[in-house]
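Sharing a structure below in structure tokens format, with a few things to ask.
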Amino acid sequence: MKIHRVVRDLVTTARTPTLQAKSLRVVEDDSGDLEVALDSVGAKPGDFVITISTSAARHATGDPKITTDLTIGGIIDHWSEERWHD
Amino acid sequence: MKIHRVVRDLVTTARTPTLQAKSLRVVEDDSGDLEVALDSVGAKPGDFVITISTSAARHATGDPKITTDLTIGGIIDHWSEERWHD
Amino acid sequence: MKIHRVVRDLVTTARTPTLQAKSLRVVEDDSGDLEVALDSVGAKPGDFVITISTSAARHATGDPKITTDLTIGGIIDHWSEERWHD
Amino acid sequence: MKIHRVVRDLVTTARTPTLQAKSLRVVEDDSGDLEVALDSVGAKPGDFVITISTSAARHATGDPKITTDLTIGGIIDHWSEERWHD
Amino acid sequence: MKIHRVVRDLVTTARTPTLQAKSLRVVEDDSGDLEVALDSVGAKPGDFVITISTSAARHATGDPKITTDLTIGGIIDHWSEERWHD
């Protein structure tokens, strides 16, 4: 899993039905690179989270028919920007 | 998912039958690196889109027998080149 | 999918039986990095091709028991080295 | 598989139930980049380990329903920081 | 598939049972970056090999229950360090 920080929500009115109406979040890594993750735990902007990729991302939503390749799997307790770089 | 911008269509007359006759688009990331994505939502050049990779790419087409590893999953509302770099 | 150019054939006398006797090609990306792809469309050195990775690579051969992680999925019409870098 | 060194434990009180209560470890590669791996072998901080990614990560836990994309698969005997860079 | 050179054997006394007792090899790419591959063809240090990743790595062992994400799929005939960089 990767460590990401939630940046903001992402709105996609035109989307494949296989993503259903799930919440998508823009997340960034410690280099500032952006990706988009499906949120299954209710993370808020600023939260440090772990993200799950590949086929596990689909199963982490609780429904493997949801076609995500990146899913927020948990909110990290006690993490700060400093720990990102140790 | 990654954030990509659609550049143009891609024509491959000689192709594996497992890609069927689906539309392919050249997409670029914020570094200008090019990839090719199957389009399931009707994106146009210039659109900012989210792209889905790994096994979810096949399922996002609606038919997991279609052998894509990258599928456009939605068109992003309210995104601009500036937001790519914040 | 990635855009690659076919460089040459690759011969592996000692190989796992799960690759069968399929043709393998050395391919390069626009940085000159080399990978090896199974060829399902009959590409020749110099051809610009799209390559399919992850589980879709196995299915793109027509037989998912063939254990490739990169398969040539089509020959690109009207592509040149200049378009690689636009 | 990748070669990683275990840095510390990671606590995520809010997590997807598909990760169950499995132990998570922060691991670093030889560039110092951090990832998070599920631990199936009882590794301790400072141990050099091999980590397994993609769908094999789920199966390596013994239960493929556990949605990890990176699992510690073994503790390396006789490895030191010097060998990382030879 | 990637082109790797075999560096040495890797011993992991404490390992997940899903890797069984299969031989593991440290391999390097043309940048000197190290990974660990399960060996299904009997490669020796110094051999140039092709390595198979993702779900195909499990199937290339002949038993998809073996949880590897990188498997040596063949020994390359007639390859040298010079060809790595052409």
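A, B, C, D and E are the chain letters, set down in written order, and residue numbers restart from 1 in every chain.
Here is the rule we use: a contact is a pair of C-beta atoms (placed from the backbone, for glycine too) under 8 Å apart; a residue touches a chain by one contact, two chains touch by 3 or more.
Keep in mind that what you see is a predicted model, and the values were worked out from it rather than measured.
Trainee: Could you report, rounded to a multiple of 5°, the rotation needed to superpose subunit C's C-alpha atoms on subunit D?
Mentor: The superposition gives an angle of 145 degrees.
Trainee: At what distance in angstrom does the C-alpha mean of subunit E lie from that of subunit B?
Mentor: Those two chain centres are 31 Å apart.
Trainee: Need the CA-centroid distance for the pair subunit A / subunit B, whole Å please.
Mentor: Averaging C-alpha atoms per chain gives centres 19 Å apart.
Trainee: Two or more other chains touching the same residue: where does that happen in subunit A?
Mentor: 53-55, 57
Trainee: Under the touch definition up top, go round the ring from subunit C by way of subunit E and list the chains.
Mentor: Starting from subunit C with subunit E next, the chains run C, E, D, A, B.
Trainee: Note which residues of subunit C are touching subunit B in the complex, please.
Mentor: 1-3, 30, 40-42, 50, 52-57, 59-60, 62, 71, 73-78, 84, 86
Trainee: Under the stated contact criterion, what part of subunit A meets subunit B in this complex?
Mentor: It is residues 7, 10-19, 24, 26, 34-37, 53-55, 57-58, 65, 67-70 of subunit A that touch subunit B.
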